[in-house]
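First chain A sits with chain B, and in the next complex the same chain sits with chain C.
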Partner chain A sequence: MRDSTGKAPGWGVTLMRNRHFVGWLQAAPLSLILIGFLILPIITIVIVSFWQATEFSIIPAFSLENYEFLFGSPVTYKVFGATFKYAFLTWAFTLSIGFTVAYYLAFHIRSQPVQIALFLICTIPFWTSNIIRMISWIPFLGRNGIANQALISWGVIDQPLEWLLYSDFSVILAFVHLYTLFMVVPIFNTMMRIDKSLLEAARDNGASGFQTLVHVIVPLTKPGIMIGTIFVLTLVMGDFITVRFMSGSQRANVGRLISNDISLLQYPSAAATAVVLLLTVLIVIGILLRFVNIRKEL
Partner chain B sequence: MRTGQDLELSHVTKRYGQTVAVRDINHVFTNGTYVCLLGPSGCGKSTTLRMIAGHETISDGSILLDGTDVSHLPPAKRGTAMMFQSYALFPHLSVRDNVAFSLRMQGQDKALRHKAANEMLELVDMIHLADRLPAQLSGGQQQRVALARALVTKPRVLLLDEPLSALDPFLRIRVRGELKRLQRELGISFIHVTHGQDEALALADECVVMNNAVIEQSGPAREVFSRPRTEFVARFMGGHNVIDLNGGRYALRADGVHFATAGLPATVRTIEYQGNHVAVTSTTGDDTEVLALIPEETFFANPKNPGDAVGLAWDEGRLHRLQA
Partner chain C sequence: MEPRPRSFYVLTAFFVLFVLFLYGPTLTIGVLSFQGPGGGLTFPMRGVSLNWFRELFQQQAVGDIWGAFRRSAALGMMVMVTTVVVSVMGGLAFRKRFAGSAVLFYLTITSLVIPSILVSLGVGLIFNQLGFKVHWATSGFGSQLTWTLPFGLLIMFAVFNRFDKSYEEAARDQGASSWQTLWHVVLPIIAPSLIGVALFGFTLSYDEFARTLLTAGSYNTLPLEIFGMTTNVTTPVIYALGSLTTLFSFVIIGVFLLVVWSMGRRRARLGSDAGKGV
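Showing the complex of A and B:
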């Protein structure tokens, strides 16, 4: 290639004119970060999951014993079962609360300033850390906590309720409290994109409020529901601290299994559990994405 | 001719807080006519349409259809159907399911409602695209689907909210021909809101011109155009000059003005060639602008230039006294 002066351009110019080279250059910073902080650690975890360990040493090897132990132990299935239970219940509650809140914000509040104000109010809990929000439940739910005292003074119960704290109830309550906003935001976002004239058209076609909800709003909100679902499922399935705090270390999920292994310096075993958890979550998300196309939301 | 099936507005008023969007309107829409509600934006024409449809509550007065008061019935129970400006097709449903939507809401079973939807799609010539999604259709095709969806409930009055505004000019002219044909075939009333007077003149059996929340004038399209009652109507419908003569206000048809030596003295300001005719704007002694549409051949037989002094004349019948 020759430029207007008739001289052949330098190699640097030729390179910069190459569309592909410039494209790769632009993608490089993000690629490097993802490779360095996501891909490499995952590869490391996969490699370590095949190593062997004793109480006092870690031996590089290629052995399946971590996986054999994991799949051979009934505890694994129980703990995975509990993780799914937490994930499912939290999903069900955050979805019903999140959908309702988003619906109220998007369709009942007419003025945009009020909409924005109420939306910001929803985010206020996020101004404090997860741990503090969790811990603040303890004096409320405890045996002599506010909830029990109030119920006793109203005469609803005679004995303090034992299941309020350090139980599945308190774990799920904390999860719902922590993660409902992750449902509200994507659902609200999708709902705001629904053309309001569609609701009028539905009414013009004789749809009742409920029929409009079922036949128009829910189908059009599906991508937002799906994004919220992915947020909540991954957060709950990867969590260990909420389960530890809110169950008073009496309940277990996969995250706690991993954290226990790490605290005992059993890194290969922890890595194997992490790999299985990662694959489980990916499979769940893969199944979900088969049902709903979220691409147009991104 | 009045029949019992007419749509009647009686003292219909719409207030939003302190502002009045529609003020005490009385009008009878004769059954089976094509009516255009015409006016500038903010004149209350869309609000009037939406009140008839039931998407806007009325503050005062009543709406009667076929002798029954429908003012407080939900939209689907009124015997009206609305076609929305943006068509408002459900993006997640196929063309057929969009058209069948209202029947599904009534609980008709699938075979029955698909049959009815197919009939409607035949009517608007869209049956070959029945399985597409709205996003896969062009603007004109979407418009037909919206029309089919509105007609599937067999309404007695079809309400169209600026149905042609989203189409390009060529398509607009074709679609308006189709609308008129459809109205004639179905024999029901169409009430069509528009801000384009050419659209209204081309389509309407009856024109209703609105301004500032009231009806300025209504009547057959030709009558509204050639005999405007007020200065607003004369100016809005176009093709008229408004001039003061002998202490009165008159509307003067622009195509009725010609040049004559003995006429009203004026100075030519601008000349625009428009194909069929030449638009000559001139100002008279008291600075009134007068537009004259001179047939092309006549103009070029005796061409003028800006700055030329001319005499403006017209036939007596072309002058029309305005009431306000």
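Showing the complex of A and C:
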């Protein structure tokens, strides 16, 4: 043992001085929970994705038919395309809004208590229910909702707009509403660690506010942007409930494909779709993680 | 102080709009839950009444929402305590850079980014195949931990990255055992962050939907119950429920923030006497 010194102590003492052993002990609860409720479920899904299903039961077998059906169906490609579309649009909106808000909080608010208060105002909705926050858009976007009533009374439109609720528009609006704070928080966190003297140096050297933003702040904020991107992309790609609720079941993404199969008790087919979705998400995250070291940025 | 640039006012306007965007819809259903008995899901208000809040207390109108609330609150407490304990232990473990820590770290990140429905489906399938019944306090509990623990652990990373090791060294130099150092030095210093972890644990569990969907069994948690209502309830009673549970969340958040704030005050008052000696 590297750590033991002098005369041989009891083996228990030696063990408790071994940093690996103590580390394992302390990490054991976390590991056990993740093995039981993350690793084993993933393994089960992979296994079941090769099984077969009838209308009444699922049959253990080794068959590729779930995957053959999945990749042979044009619906799959359409739905994956829709999923990427939602992910990209939500990312673009949450990033531009989130960056602007974080920039305002980090560089334009001079008093620290005010800064903390405004930051909390931005984060509190994260700790409330997503379902309720989705429901709360109904009185805004419905046919007789606030948006339509306001637009009609201003004379902008004669007929109520039908595409406000239960459309791609409402789905993306809800995503942006739910997930912008996943951008604000990491970007704000990185911005607060930027050494303010760098900004002074840029200004002393004659950079305009905009040049400082583009050439100093944005490059230094990249890790925060990456972490926010990871959050938003994975949340949107794995979602099924926002799309179902906000589109009134008229739009589909991969998550809904899986949940539809589940409600029809077609577990093997759901599992195969889930495996493909998981691989897609992990590849995207794998690429993003090359650009950022999460542990250093916390 | 130098004068504000023009961009400050533009950005302030942007920020105000953003806050309106965040809270506007919630406030709207808050107002609409006081809709008169004949009113519908949108404006105009047809009178003002407590009718829809009254309906919440009538079993036949809304189903078992109070049972669901009790289950969600109990589950939230279970998840909160477990998240705090396991995250602290995990955080301490990662400081030791034990063999295999990188694997466990990536596993935790996977737990965070994995689509929730996979956890739900996988845990449900395992319980099915083993012949166990899914129940919110077993399968539901474990599934929710895969969502709360990564947040808890990431907060612990942030805490320990900023932790001044000289406090521990000082304790050790004075002859404290590693247990005494942990209990009397490390934990009191990180206590406010632990309150934060607890807040995440409780609220994320209380509002969790997708991971609980296939793992809660025959007794629904509150978010599942509310989602069920969206398909068959077409009266403002759902707004009344939404307003009440959001209010409950605000109270919980307020209590946690108050505790952190008063801890900070107490510390500022009693903490250091450096520089005050004569």
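One rule holds in what follows: the second predicted complex is superposed on the first by the 267 of 298 C-alpha atoms of A that agree within 3 Å, B and C clash if a C-alpha of one lies under 4 Å from a C-alpha of the other, contacts with A are read in each partner's own complex, and residues count from 1 in each chain.
We take it that a residue touches a chain if its C-beta (ideal position, glycine included) is under 8 Å from a C-beta of that chain, and two chains touch if they have at least 3 such contacts.
Note that the structure is predicted; figures quoted are calculated from it, not measured.
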(message) For the combined arrangement obtained by superposing on chain A, do chain B and chain C clash, or do they fit?
(response) fit
(request) May I ask you to decide whether A:Val216 touches chain B, chain C, both, or neither, giving the answer as first, second, both or neither? (result) first
(request) Angle at the Cα centre of chain A spanned by the Cα centres of chain C and chain B: state it in steps of 10 degrees. (result) 80
(request) Check the residue A:Gly81 against both partner chains and state whether it touches chain B (first), chain C (second), both, or neither. (result) neither
(message) I'd like to know which partner A:Asn205 touches here: chain B for first, chain C for second, both or neither.
(response) first
(request) Between chain B and chain C, point out the one touching more chain A residues. (result) C
(message) On the A-aligned overlay, A:Gly248 touches which partner chain: chain B = first, chain C = second, or both, or neither?
(response) neither
(request) Could you tell me if A:Gly145 is touching chain B, chain C, both of them or neither one (first, second, both, neither)? (result) second
(request) Please state the minimum Cα-Cα separation between chain B and chain C in the superposed model, rounded to the nearest whole Å. (result) 6
(request) Identify the overlap between the chain B-contacting and the chain C-contacting residues of chain A. (result) none
(request) Write out the stretch or stretches of chain B touching chain A in their complex. (result) 53-55, 74-77, 81-82, 84-86, 88-92, 101-102, 104-106, 149-150, 153
(message) Could you list, by residue number, the parts of chain A that touch chain C in their complex?
(response) 19-20, 22-27, 29-31, 33-34, 36-42, 44-45, 48, 97, 100-101, 103-105, 108, 110, 118, 120-122, 124-125, 127-133, 135-140, 142, 144-146, 149, 177, 180, 209, 230, 234, 237-241, 245, 255, 258-259, 262, 267, 270-271, 274, 277-278, 281-282, 285, 289, 294-295, 298
(message) Applying the document's contact rule, which stretches of chain A touch chain B when the two form their complex?
(response) 195, 197-198, 200-208, 211, 215-216, 219-220
(message) Going by the contact rule set out above, which residues of chain C touch chain A in the complex?
(response) 1, 4-5, 7-8, 11-12, 14-15, 18-19, 21-26, 28-29, 32, 41-43, 85-87, 89-90, 92-94, 96-101, 104-105, 107-119, 121-123, 125-126, 129, 142-143, 145-146, 149, 153-154, 157-158, 161, 199-200, 203-204, 206-207, 209-210, 214, 223, 226-227, 230, 238-239, 242, 245-246, 249-250, 252-253, 257
